[in-house]
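Beneath this line is the structure, given in structure tokens, with notes to follow.
Labels for the chains are A, B, C, D, E and F, by order of writing; each one numbers its residues from 1.
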Amino acid sequence: MALPLLIALPLLAAALAWLIGTRAARLLAPVIIGLPLAALVLLLSLRGEVFAQPGHALGWRVAWLPALGLDLSLRLDGLAFLFALLVLGVGLLVILYARYYLARNESAVRFFCLLLLFKAAMLGVVLAGNLLLLVVFWELTSILSFLLIGFWSWRADARQGARMALAVTGGGGLALLAGVLLLGHICGSFELSVVLAQAGKVQHHPLYLPMLVLVLLAVFTKSAQFPFSFWLPHAMAAPTPVSAYLHSATMVKAGVFLLARLYPVLDGTNSWFYLVSMTGLATLIVGAGLALLQRDLKGLLAYSTISHLGLITLLFGLDTQLSTVAAIFHIINHAVFKASLFMAAGIIDHETGTRDLDRLRGLARYMPHTAVLAIVASLSMAGVPLFNGFLSKEMFFGETLAQGLLGEFNWVIPAAATMAGALTMAYSLRFIYGVFFGGRPDLPNYPPHEPPRFMKVPVEFLVVICLVVGLVPAYTVGDLLAAASLATLRAPLPEYSLNLWHGVNLPLLMSLVSMAGGATLFFLRRDALRRWQQAIEHLSARRSFEHAMRALERFAAAVTRWLEDGSLPTYLAWMLLAMLALPAYFLADLAALAGSVPAGAIDPIGAATLALLALCAIAVVAVHRQRLLALVLLSGCGLMVSLVFLRFSAPDLALTQISVEVVTILLLVLALFYLPPESNDRANDRAHDHPRAGRRLRDAVLALGGGTLLAVAAYAVMTRPYDPVSTFYVEQAVPGGGGHNVVNVLLVDFRGFDTLGEICVLLVAGLAVQALLKGMRLPTPSAAPDGLPWTSQAHPLLLAMLARLMLPLTLLVAAFILLRGHNQPGGGFIAALITSVALLLQYVGNGVRWTEARIAPDYRAIAGAGIVMAGLTGLGSLVFGYPFLTTAFGHFHLPGIGEVELATAMIFDLGVFCTVTGTTLVIVSHLGVRNLPPARAAEED
Amino acid sequence: MLRRLLPHPWLSLILMLMWLMLVQSVALGHWLLGAALGWAIGRLADRWLVLGAFRLSRPDLILRLSCHVLIDIVKANLEVAVMVLGRTARLRPAFIVVPLDVEHELATTALISIVSLSPGTLCAELSDDRRALLVHVLDLEEEAALVALIKSRYETPLKEIFQCLPS
Amino acid sequence: MNHAVLLPILIPMFAGALLSAMPAQRLHAQRLASAVATLLLVPVAVLLLRHAAGGDIAVYAMGDWSAPFGIVLQLDRTGAMMLALTALLAVAALAAAGDGTARQGRHFHALFQFQLMGLNGAFLAGDLFNLFVFFEILLIASYALLVHGAGRARVGAGLHYVILNLVASSFFLVAIGVLYGLSGTLNMAHLGLRLAGLPAPDLPLAVAAGAMLMLVFALKAALFPLYFWLPRAYGSAAGPVAALFAIMTKVGLYAMLRCDALIFGGAQGLLGPFLQDWVLALALATLAIGALGALAATALRAMTSYLVVASVGLLAACVSMQSQAGWAAALYYLLSTTLCTAALFLLADALEPEAARTDGAPVIASRLAGLLYLVGVVAAVGLPPLSGFLGKAMILRATPAPWMPVLWPAVLGSSLLLLIAVSRTGTRLLWRLPHEAQRVAEGADYLDEDHPGAARLRVRPDARKLACCMLLLAGNLALTVGARPVSDYVEAAAAQLLDRAAYLRAVLPGERG
Amino acid sequence: MLALVIPVCLAILGLAFLLTLVRLLRGPSLPDRIVALDTLNINAIALIVVLGISLDSAVFFEAALLIAVMGFVATVALSKYLQRGDIIEY
Amino acid sequence: MLHPVAEFIVCALLLVGSVFMLVGAIGLFRLPDFFMRLHGPTKSTTLGVGGVVLASVAYFSFRGDASLHELLVTAFLFLTAPISAHMLAKAALQRQLPVDPRTRGSGWMPRIRD
Amino acid sequence: MAALYAIAIGILTAAGIHLLLRERVFTVMLGLTLLSYAVSLFLLGMGRLSIGQPPVIAPGASYADPLPQALVLTAIVIAFGMTAFAVVLALRSLGLTGSDHVDAAGHPEAPDGHPAAAGNAADKAPRP
């Protein structure tokens, strides 16, 4: 239970800090310092358990997502203990420091929240006992790092630095996810304890190499290894406490932590040795070299961090066991001296207002105390004896000599290490000399002075550690190092001694050479360095990255624009291509086009009707630019379709088609009035008149392809036998459905639910049309497209009178069609369209005013009521214990009248009738009454 | 009272007969249903069907006029058939103007319908004051004779049938 | 329980019908009725979810005509889950709409209810043609809601959306026709049974019809090259409408799952080659286009649209796996992505005033908005610790080994691009705080490198919309925290989907499968 | 006899259809084509009735009735469009 | 089976109706100007349909079930055909369609060029 | 007969698709209508072709498959509603842009040749 508490305490602190906010500032300090301190104490209290026996690990586990193998599993062994100690210890100091660094306002609260959240996430990374959980925390550190780097969000460099860091480390995290999934796939579990025990299996697995590369990708991005190191210097846009904490002591160490964590399973192959060590070596040298060329104080420290991370990586990659111990030792030392250096740099920045090494000079006179602290830490960084950095550097030099990776070129590694040591010495001197000595400074805030007392306490504390570890390493970090190394190697530790003095040996010589070389380089070649510095100044990784991002965005925009050109014909063409080509591809497997059913003899009437239909359709295409003409021909097609329906035994369809056709024509003629004459638009749209050959070909291929596909499918199916469920409907129509017209019984009974849905579609269409027409104003053409004026007579007498006369007659026909629908062709839908047409004829013949003065029902309400009626009919059956829409019918014998059949389906059909009538009238009459006198139009809206 | 209950007795009757024709049944139930529908639609039509105030009189004239029209249609159909199938160059098409005396809208409507229905003539336009009819004739021998024929054979009976009520 | 299956369809239907009969001026009464109807869906969904979790498939035979003759509704785990998701989304969208959205045009509430009816019906349909009908209901309602309030962008996007869907509906009917013409039935389970017994020479016809059907669903799901309608439609719709539309693409994916499993027989069935070769390829292309589009987008709304596209690509890839693990992952990820993209649409609506939409000019937002953005995009991109990550990890784990070299790089690469896109949009949109900018000593430091000369607008994000956004993100958070029960549920749901025999037993007790 | 006459009638009607269709396609004016459409409607009525006789079935009647009742509406709408542009006016 | 006389009546009516349908179509096809063409269909088709409808009435009535409803088709056509013709003629006048040069009383109208 | 029927469906489909790919809203509507005709015939054909066997129960008759007919009916009704909506939507687009090009509303720079200023104004500032 202690392990989750370790993570929970900083989280709790963050939550409390957020709640407290700026309201009770006095409570803030106890929360943000007290709770993490409690976590630290808790961690230290576990020391005994962890260190008690070699290889022992504390564990805690709760299932989270077992399906994925992701458990909330925590594990505290020596390695985790070391890192947790760094995270909590340095974290505490950084928070102390930051309290003085930041102004106390709301954004400071946000800062501490983020910092504490980061602390929790980082603890999660080091304590994770499940690799997927580790990935979770790993990405969380990336996200929080992004937020912290961009904390001063009004600064462009902060925003850009943050984005760059997120892109690189977040991308690495994705690689880690893949790598971890592969590792889990190989091992059959993501539990660290299981995975770590399967080194042999992992290393002989064919997926080992991809997995290794993915994991290393994550390591290298997070730890800013070459060539992914460019983001780290730009992360320095963050407030200095963040740099001290995330970008020196903890987050960048997550990468090397992972190297250590997975060392037992990954180490031991040549891929590991070469990939890790060579990357580390390159980073070591490049980082050190670039550190020397920085003008920005924090930039120098950032490149120094890169270089030291390279050193650690290199150590992990060397093929000796002791090198790993050295790596862990250097992790500790680097965290301590680099954190203190960053804090010192922050103090300098804070007090002088600049971090420019060209402007900073001679500060030792103004802030002697800070100068001493910074100099000690720098010397440690340079690997000067008496300080902790020296010890791990000696071990490093020793191991470069002991390894045997490169065969006859083995000397390259020690030589390069010595050279890197010299560069390290040089930039450390640059830091010391450049900042604290050499004349009067030229500063924005002049004269600088010492910072508040407690801002220096964390630095002092760290510097003391540098000294103490440097002097008596075995008594201070011996146990910790041993425990961590043991957990990493999972084998008996190699012999090593933590002493300041090992006698005169080759590593010492390398140290001396590198220190002398570094001093020489700095003091003799300062002018050359300055020229170099100017030369690389314009090589800004940030700018290049931004350029690359811009280029990526431009590319993305170009692709998007190319695909989404805003042109419906293009979209339709894509869609048709997919919907025709793929089915056609699979249809090509059809061995025989015709099936076993003999194609029936040709029926002359059917054939003639089909031929006329096809002719009309082709004619529509031919004349489609003359709109009215095309409409007339389309109407001809509709008529032919209804004849085809009639011929092929579908009278209900024919009736429906005839009625729908009339309403559709009314609708389209209404629309035609407003459409601009074709001739007006031609100039604007050359492509329309003169489609390019390619486009013409495309359209032809799609049209003919679509036609062929449907024809082939239709023919192939029609000539095959099938066994339809419809025989049931024919059998049951009369006894079960109470109607002779099977199609109608299907519509109102067997499949009445479809009909209910269908009238809902209609009602919604009506609502949608009404909504669309609200506020729509269309210009009224004052003359016909050919320039002839309209006639003055709006409502010719003959039409007006006959429209009125037709109404009662047509209503009777509608009643007839409605009532007989259940037994003969007809039904509510057709009756509704007949009624609608009769009423619309009044609008056409007598005008809106005349008609609505006489018939002014709320069509929309009728339509809604129709659905309610149909729905209630369906619900009625529930009362009798039957499912929704169960129909009931009965034959009643009325004296003197005879048999009368009543069926609930007829009420349902009446509902259909109401909805269809209401909707049709809503749609057409509302479209028709667009151009009204303003007063009437206002009512309408 | 009766007028309000049964505003269009003729119409209701016609509707009932139509109903019987539609359902092809003379069962009592259909008589009743047809009567109900005729009554209901008649009531509805009272609001919707504003035909102007008039009284239909002389049912015998209606019958006679109908017979005339039917006979004329059959007769002229044959003539027109000959014209259509024969040499079209021999046709003598013409526009003629027929002055109108009828005033009632329904009577005018009926006249236009009859003229258009009877073959060889086709009513193309009614003047705005409804006092003249522009008729297209497929093969005109003599204008005056045709005008006279139209007026005597169709317009006069119509005038008698539709007698305007003083409003 | 018995009749409860009807409620998700009938409640919105009656509400919609009554609302459409109500006078347009009585907006308050309309809102009340709409809210009551929508809220009622929540307990109904919970009830159905609890019933379905037990594992039996509830079958409701309309009109007492049993399958395959009558229309049946069938409620299984997957359907119940989708119903619950829809209910949650509907509550949030309706609450976010408030009166403002309803006032933009006519009949908002009635259309909203019919939209819900169509969605719920599609999730319950056990009959192929009935599925078509419900698709049409949800489509016509979506057309109307999309252009609700008119405006040039909406109408332009709406016209394309409508026409593309009308053409697709025609192909839907063609596919239904061929399937009926071969099998003589429309009930999905019965179709599955009949198609399984089809003579081998006729199979290509069924496969072609199946492919066509899947492509029709792919249009609703917005799979490449059928996704063109989506970016502009979602980008221009009213915020609450766009939020509700987050489920629209999922209906298409749901229908793909349902039809593939029940009609075509899943992995060993007819559509194996089509899904595993073609749909996978299209899914990868969709993923790429979604990622690129998100990068190219300048406004949050547009970016969110492409996040939807990318999620569709991922989901379609899962669908094409035709495995229990793949489908379970798909269902989990579907829940996650729907909730977070809907939340982002609401956030975009709260943050981006109409005028700023086209150029994505930065606005000044609250801290809360920033937090919501962060949570939303973390979930949408699939970053830890939210459910998006869990979903993606499940998908990656479910990937069959031969697909790994293709699918993994695509998933991870697109995630990286999306990460870049959301970080850029977020910094552009939310990281400009002038009151802090005043603290910068030199003006030169304050570089507006992203939008030189962009208009600076001060808007106060609509608190109501932020609250609804929070509700949806809380749902996402619940998916994360309750990952175990949810993943158990989707696992069982996927297993049930693939167990055709269970459907046959439930739907056609008489038939021998 | 009927068995012989009906095909003859159908052939005659077919010819009528064809001639009307030629007018529909050739025009030259829009009113010409609308007349042709109207005539097609009427031809269709005749065809339907003859089909009813030939198949000895009364179910075709409603189709003929419906064309008679509603077919002219399209003609009226189209010709009113030619005269006035707007077919539904205040 | 029908009685031969009945069958003859039906056949005759059918033939008359069909022929008049054809005549109407021929008129539409070959008459020289629009107004003349308008005469063809609106006239002959009335008798054409009338004949066919009467044939149907006769046929079904002879078959035993008295069938008059077909007459309604003709009735409706008689009501509606004049409107169609009238509206079309008005449209033609308004569109100033050219007339055959021989047309008397049409000095105000454009002519068909020969 | 099936072959002829299938060919007619093919021709209708091809004509419909060709019109769909044009750029004027009205033409696209024509294309949609033709396509829906083709689909109606296609669905009817899936119930196999039969002559003189309408599915109206009568003594001693055989019947065409009624189910596809019911489907076509539903499809026709739905297509009617959809067409109506699409037409009005096209008009709305015309009112907003002055053009009946299918892409007009998508392109802000669409030509504003049509005198639709009034319509535009009304749309930009909807009345309360």
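Keep this in mind: a residue touches a chain if its C-beta (ideal position, glycine included) is under 8 Å from a C-beta of that chain, and two chains touch if they have at least 3 such contacts.
Molecules present, by chain and UniProt name: A = Multisubunit Na+/H+ antiporter, MnhA and MhnB subunits; B = Multisubunit Na+/H+ antiporter, MnhE subunit; C = Multisubunit Na+/H+ antiporter, MnhD subunit; D = Multisubunit Na+/H+ antiporter, MnhF subunit; E = Multisubunit Na+/H+ antiporter, MnhG subunit; F = Multisubunit Na+/H+ antiporter, MnhC subunit.
Quantities reported herein were computed from a predicted structural model and do not represent experimental measurements.
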>> According to the touch definition, list the chains common to the neighbour sets of subunit A and subunit D.
In response: E, F
>> Need the graph distance between subunit D and subunit E over the touch network, please.
In response: 1
> Using the mean of all protein Cα atoms as the middle point, what chain has its own Cα mean nearest that point?
Replying inline: C
> Taking each chain's centre as the mean of its Cα atoms, which chain lies farthest from subunit A?
Replying inline: B
> Which of the two pairs, D-F or A-B, is linked by more C-beta contacts?
Replying inline: A-B
>> Centroid of subunit E to centroid of subunit F, CA atoms only: how many Å?
In response: 32
> In whole angstrom, what separates the CA-based centres of subunit B and subunit F?
Replying inline: 39
>> Taking the mean of the CA coordinates per chain, how far is subunit A from subunit C in Å?
In response: 15
> Rounded to the nearest whole Å, what is the centre-to-centre distance of subunit B and subunit C, using the mean of the C-alpha atoms as each centre?
Replying inline: 62
>> Show the residues in subunit D shared as contacts by 2 or more other chains, in ascending order.
In response: 17, 30, 34, 59, 65, 69, 71, 76, 80, 82-83
> What are the residue numbers in subunit B that touch two or more other chains?
Replying inline: 18, 22, 112-113, 123
> So which bits of subunit E are touching at least two other chains?
Replying inline: 24, 26, 38, 40, 42, 67, 69, 72, 76, 79-83, 86-87, 90, 92, 94-95
> What are all the touching pairs of chains?
Replying inline: A-B, A-C, A-D, A-E, A-F, B-E, C-F, D-E, D-F
>> Touching residues of subunit D toward subunit F in the complex: what are they?
In response: 55, 57, 59
> For subunit A, which residues count as touching subunit F in their complex?
Replying inline: 566-569, 572-573, 576, 597, 599-603, 606-607, 610-611, 613-614, 617-618, 620-621, 624-625, 627, 630-631, 634, 637-638, 641, 644-645, 647-653, 656-657, 660, 663-664, 667-668, 671-672, 674-676, 678, 680-681, 684-685, 687-688, 698-700, 702-704, 706-715, 717-719, 722, 724-726, 729-730, 733-734, 740-743, 746-747, 751, 754-755, 758-759, 761-762, 764-766, 768-769, 772-779, 823-825, 829, 916, 919, 923-924, 927, 941
> Hey, which residues of subunit A end up touching subunit D in the complex?
Replying inline: 604-605, 608, 612, 615-616, 619, 628-629, 631-633, 635-636, 639, 642-643, 646-647, 651, 654-655, 658-659, 661-662, 665-666, 669-670, 672-673, 780-781, 784, 790-791, 793-795, 799, 806, 809-810, 813, 817, 824-826, 830, 834, 837, 840-841, 843-845, 847-849, 924-925, 927-929, 931-933, 936
>> Considering only the defined contacts, which subunit B positions touch subunit A in the complex?
In response: 11, 15, 18-19, 22-23, 27-29, 32, 37-38, 41-42, 44-45, 47-51, 105-106, 108-109, 112-113, 123, 126, 128, 130
>> Can you tell me which positions in subunit A touch subunit E when the two form their complex?
In response: 784, 786, 788, 790-791, 793, 796, 798-799, 802, 805-806, 809
